[in-house]
Amino acid sequence: MRKAFVAIACFALIGAAAFAQGVIKLGANWPLGDVSGMECSKAAQLAVDEINKAGGVLGKQLQLVVVDDEGKGDKGVAAIEKLATVDKVDVLLGGIASGVAVAQVPIMKKYQIVTVATGAAASASVEKALGPSPGSDWYFHLHPWDYNQGQSYFEGWDAIQKKYPNVKISKIFLAYEEGAFGKSSFDASNAIFGSRYTFDGASFKSALQGGSDYSAALEAAKDFKPDLFIWAGYAQDALPLLEQSKAMKFSPPIYLGAPPAWPTDIGKSPLAEDIMLYGMWAPSINDISPISKKFSDSYVAANGTGPTSYFAALSYSAVYIIADAIKRARGTDREKLISALEATKYASPLGETITFTPSKIIKHQGIKNQKILQWQNGRQEVIWPFEVQSKPLVYPLPSWK
Amino acid sequence: MTKAVRRFLPVVVIAAAVVFPFMAGPYPLAVAQSVLISMALAVSWDMLLRSGQISFGIAGFFGIGAYGAALTTLKLSASPIISILLAGACSAAVAFMLGFVILRLRKVYFAITTLALAEIFQVIIHNWGDFTGGPEGIVLPSLIFNGDARSLYWLALASVLLACALSALFQRSRLRFALTAVRNNEVSARSSGIAIFSYLMIAFVTTSFLQGIIGGIHVQIYGYASPDSVFDANYTLLPLAMALLGGTYSTPGPVLGAVLLGVASEYLKLKIPYGHLVVYGIIIVLVILLLPAGLYGQYRKRVKARAAHA
Amino acid sequence: MPDLQTFALTKRFGGLLAVNNVSFSLGRGEILGVIGPNGAGKTTFINLVSGVYAPSSGRIHFKGRDITNLAAHKRARAGLARTFQIIHPLENLNVVENVMPGFLFTRRSSLKEARKSAEALCGSLGLGGLDRDVSEITMLETKKLEIAHALANDPSVLFLDEVMAGLNVDETTEVVRLVQSVAREKNIGVGVVEHVMSVIRDLTHRVIVLEAGEIIAAGPYEEVAKNPRVIAAYLGGAA
Amino acid sequence: MRVVVTRSIARPGRTWQPVLLIALTVIGTAAISVWKPTALVYGVQRAGLYAAVAIPMALILGIVHIVNLAHGELMMVAAYLSYFAARLLGLDPFVSLVPVAVVMAIFGLLVYLLTVKHALKAPELNQLILTFGLAIALSQTVNLMFTSQSWKLSLGYVSASATVGDVSFGVFDFVYVAAAIALAAGLQLFLKRTRMGKAALAVGQNPRGAAIVGIDVGKTYAFVFALAVGLVGGVGSLFLAKQAIFPMVGGPYTMKSFCLVAMAGVGNIVGILYCSLALGLAESIIDGIRGYAGWSNMVFFVIIIATILVRSWRERKV
């Protein structure tokens, strides 16, 4: 008995000694040609540098290896192969596009390297491909699934209507870009909002894909007379949509945009004033959350400008979550690391404490909540959740100036 | 290069390609796999080019194949290999039906029409959501060969070998004469008794069949197809660039071009994480300006010149 | 009965009458000259007979069969062959391979047979260096190659469209002899479109003269050459 | 692609095509104005943008005989220039239009002298891949310098609105219609009335013949290429006024322009106006049918194929 104990202790010591040499390698893939992907990479590096400067993890330095997935499935697969077999990373993180993630899942399953995913919202493809626990227990999905987002908005509007009695919503219209992102937004919203509200939608071709005219979708919306008008497209669509709405004299009481990122200069446009948006992080959270402020300040210090989307904050969080878990697991042993990650309680720059709980299929879902924000004086102000509210709601949208 | 070397070189290259998985790790295999897919497409495109017809519709038939394989797997529970063959059959059937109309067109008109058809295929798949899964695409329940890296590589290699075999067959049969004559001058070709339409049809259906097979293999390897991913214009432009850089009207040319561009793009990516595509574009421009006949074409010219001097 | 006959063959391009009401016949072993000033419709006439264009009206009979609506490649298979004014040898193919298509596609020979037959045909025309690339051959060889390319069809009627153009006197004589011997040995009817009058004189049994798409004279060369209308047409054409 | 230019580049000619398209337009107009008058307005506006971008490409294809796959990317570069002119110098895109066009013409000349010029005698496919490589290099350079994020000016006048009865619609996009008509008319005048234009036309129709009569073919090509790039640069400036710009914004317009040019017939500049109109209207109509908007992407390509088939059928009948 004692012999066995000594043996285990020795093994542990040897293991610790081996671990003490070299670095802890984090492998990541993002589309570096895309601004969100690039910001993810920079934010993650920022987190790694901060941790290393503070002495690293368990006395080790972290090393971040990033491979460009180019937003393509086959390149994403090759990236995982490289990270797993050439760089032999201890932990994986990253990702934005669901289309890349779904191609990567089989290869990730082969290696079962502990992964903290910063993107991939499409539940119907990615979550389905991952499958239930325990087969997918190595996968920690930080970004909310599409239905998490839908559910969160549903709760948000419920709460807002309760707090502001003058806000009355019975009809919701969603104008969505015709690609996978827009279509899945529509399906998820229809499933969640359709039961309670009168819900309708129309698709448009995003400027990202060469579209230039939103008139058909806007006319449909105008005829529908929604209390809440939402568009799900890309940053490229934000201002042109507003301009065309103004030209068509379409001004719903609530005008809300749900693109993955906003154009940086939109705050300067008078049209953006009082437009609402969905999101996870905005610079206004700095006013409420010191962690957010620290993240934001050091990001600006390192890169000159602030991040354009919440993805940077998500990647920054992913690195801290991983570092913290490695610390508590006292190493990168797979099982221990998974248990440690399961116990994560990370007060993130997103203004909420991140934990991992089961979602519809997988066991480890991180963020489930979204925020409802509003452009006020060129800034994104948080309206809901009320715990992190930074400014009161302006309602209804004053008609176009 | 002596005749003996020229005869054995392909055997050596094929042998090396077959045993490559025993010498290389999973990462080079994964890269090689996607290069092989583009390579097979490049060879297939060149086969039709030999008739003088420039197709801009590679992605269209590749995409039909990908969806053919994915849908037959899901809806008919076809085995992966059968689904790949069905994918080829789908593409070939579509090409055959369209061929009656579009093979009457020439040059820029044929090129534009094939481009437009590829777009139309994509729009149909995109909007026919009940059947095809719509813009969000289709996920296969499992990969072929349970995702074994070596087997996947060999499957991709098989698509290249099939394309090269058919291409060699084109070069060694009367098809070579028919297609060369048609490319050269159609009136003259007819005066030699060549039924132009039939030979164009053979070439068009065969290459579309190949592109369908390659699409089927792609979807079985990656387990996922969406309109954006499999109808990506890059599946037209990349093979085209590869064939031109390597040298057209031959089998070795597109193969060489695919290796060059495929390896260059991956290598550049690791060396220059930001901006590697700039260098990639400049490489294409420079090669076209400096080696207009492509690598293999330049080599053939030199061999010829040497023979003429001797 | 002559192998090839046309009846009132007419071709209009918009308002232009390129070939007007041409009736003629050509039998086996006969060498017929087709002459006329530039733009008289000679090449258009060949294009009509070989099936490049469909005639606006009129009929074409070949070996007793109406071929007016037969596709060009089927006419070639039936035994009609022609050369082209502007010669397009097949790039990337060598000399013998350039002669093979006729054997392959009109006679459905196998590749092996076609190569053998093509080699033999080239040999009989005095065309050597068969594995050279076509870009390396001389003008005379190009002409021989073009004739071989047409003869590979095993034709019973052959049209030569200005095949002597660009050759010097000695070379012209050689090709004239070649054509004569081919016509005799293979017993084929040959239609010769040519500007060099000495060639027409030495080579042909009979001549038809086209002007503005119409036959203005027909008969042996000596007779036609004296015809005042022909002289006027040529002078007019030259002036 | 080198296609024999049978019809004069400057003359719309007595061809069936405009007639058919006008007929189609008239019928379409009648149908839409009864059903959804705004679809007509937006169709025309869309057509203006398509045509304005496509016309310079037709100029290059008709005279230099190069399919320029970097066409949309050149427009994108111009839009970025115009963006900086607005941000740094406070110039309105309608003002910076001229200097941007001049800078782009010089840039076009450089592109011509450094690359295209050396591929003029190469097979058309090489030219295609050359310009494809240029397109990648241009868009990726911009991506590297300014990231993929989208930029947009916020100009009040682009929301200019008109109200007829109870429908309101934007009117700014008529700028594109005006630009397209001005481009087509200007080029017609240039090609038919000026010495340089006549020379360019002659070169486009028969370079060898033009050289024989003493026209410097090389210089004409360089001039026309630079002119066309300058024009698309001006269009890029107008494009910026209304649209968001990002490195990949040009790609889809290259393709649409290419299709339109092929549809109008190589070298037929006026035809592009008609074809754009037909396509803009058709797209706008399908877009307006609820639930079927996604199919409007197909209309474009279906009409192109139909036009090409009808044309080839007619040509064979000759």
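Order as written gives the chain letters A, B, C and D; numbering starts at 1 within each chain.
The criterion applied here is as follows: a contact is a pair of C-beta atoms (placed from the backbone, for glycine too) under 8 Å apart; a residue touches a chain by one contact, two chains touch by 3 or more.
These figures come from a predicted structure and were not determined experimentally.
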Of A-D and A-B, pair with higher C-beta contact tally: A-D
Central subunit by CA centre of mass proxy: B
Length of the line joining the C-alpha centres of chain C and chain D, rounded to whole Å: 47
Centroid distance [mean C-alpha coordinates] between chain B and chain A, Å: 37
Chain centre separation (chain A, chain D; CA means) in Å: 39
Chain centre separation (chain B, chain D; CA means) in Å: 31
Sites on chain A at which at least two other chains make contact: 33, 38, 178
Shared interface positions of chain B, touching two or more other chains: 126, 274, 277
Where chain D touches two or more other chains at once, by residue number: 140, 143, 255, 294, 297
Overall pattern in which the protein chains touch one another (line/ring/star/complete/other): other
Of all residues in chain A, those that touch chain D in their complex: 33-35, 38, 178, 202-205, 207-210, 212-213, 215-217, 219-220, 234-240, 243-244, 246-249, 261, 263-266, 268-271, 308, 400
Chain B partner contacts - residues on chain D that touch it in the complex: 1, 3, 67, 115, 118-119, 122-123, 125-126, 128-130, 132-138, 140-141, 143-144, 255, 258-259, 262-263, 266, 294-295, 297-298, 300-302, 304-305, 308-309, 311-312, 316
For the chain A and chain B complex, residues of the former touching the latter: 32-33, 38, 66-68, 70, 72-75, 77-78, 81-82, 84-86, 99, 102-103, 105-107, 109-110, 122, 124-125, 128-129, 178-180, 182-184
Touching residues on chain D, where the partner in the complex is chain A: 38-39, 42, 45-46, 49, 140, 143, 147-152, 154, 156, 158-161, 163, 168-172, 242-244, 246, 248-249, 251-253, 255-256, 284, 287-288, 290-291, 293-294, 296-297
Residue numbers on chain B that touch chain A, as the complex places them: 25-27, 29-31, 33-34, 37, 126, 129, 134-137, 139, 142-143, 147, 149, 222-224, 226, 228-229, 232, 266, 269-270, 273-274, 276-277
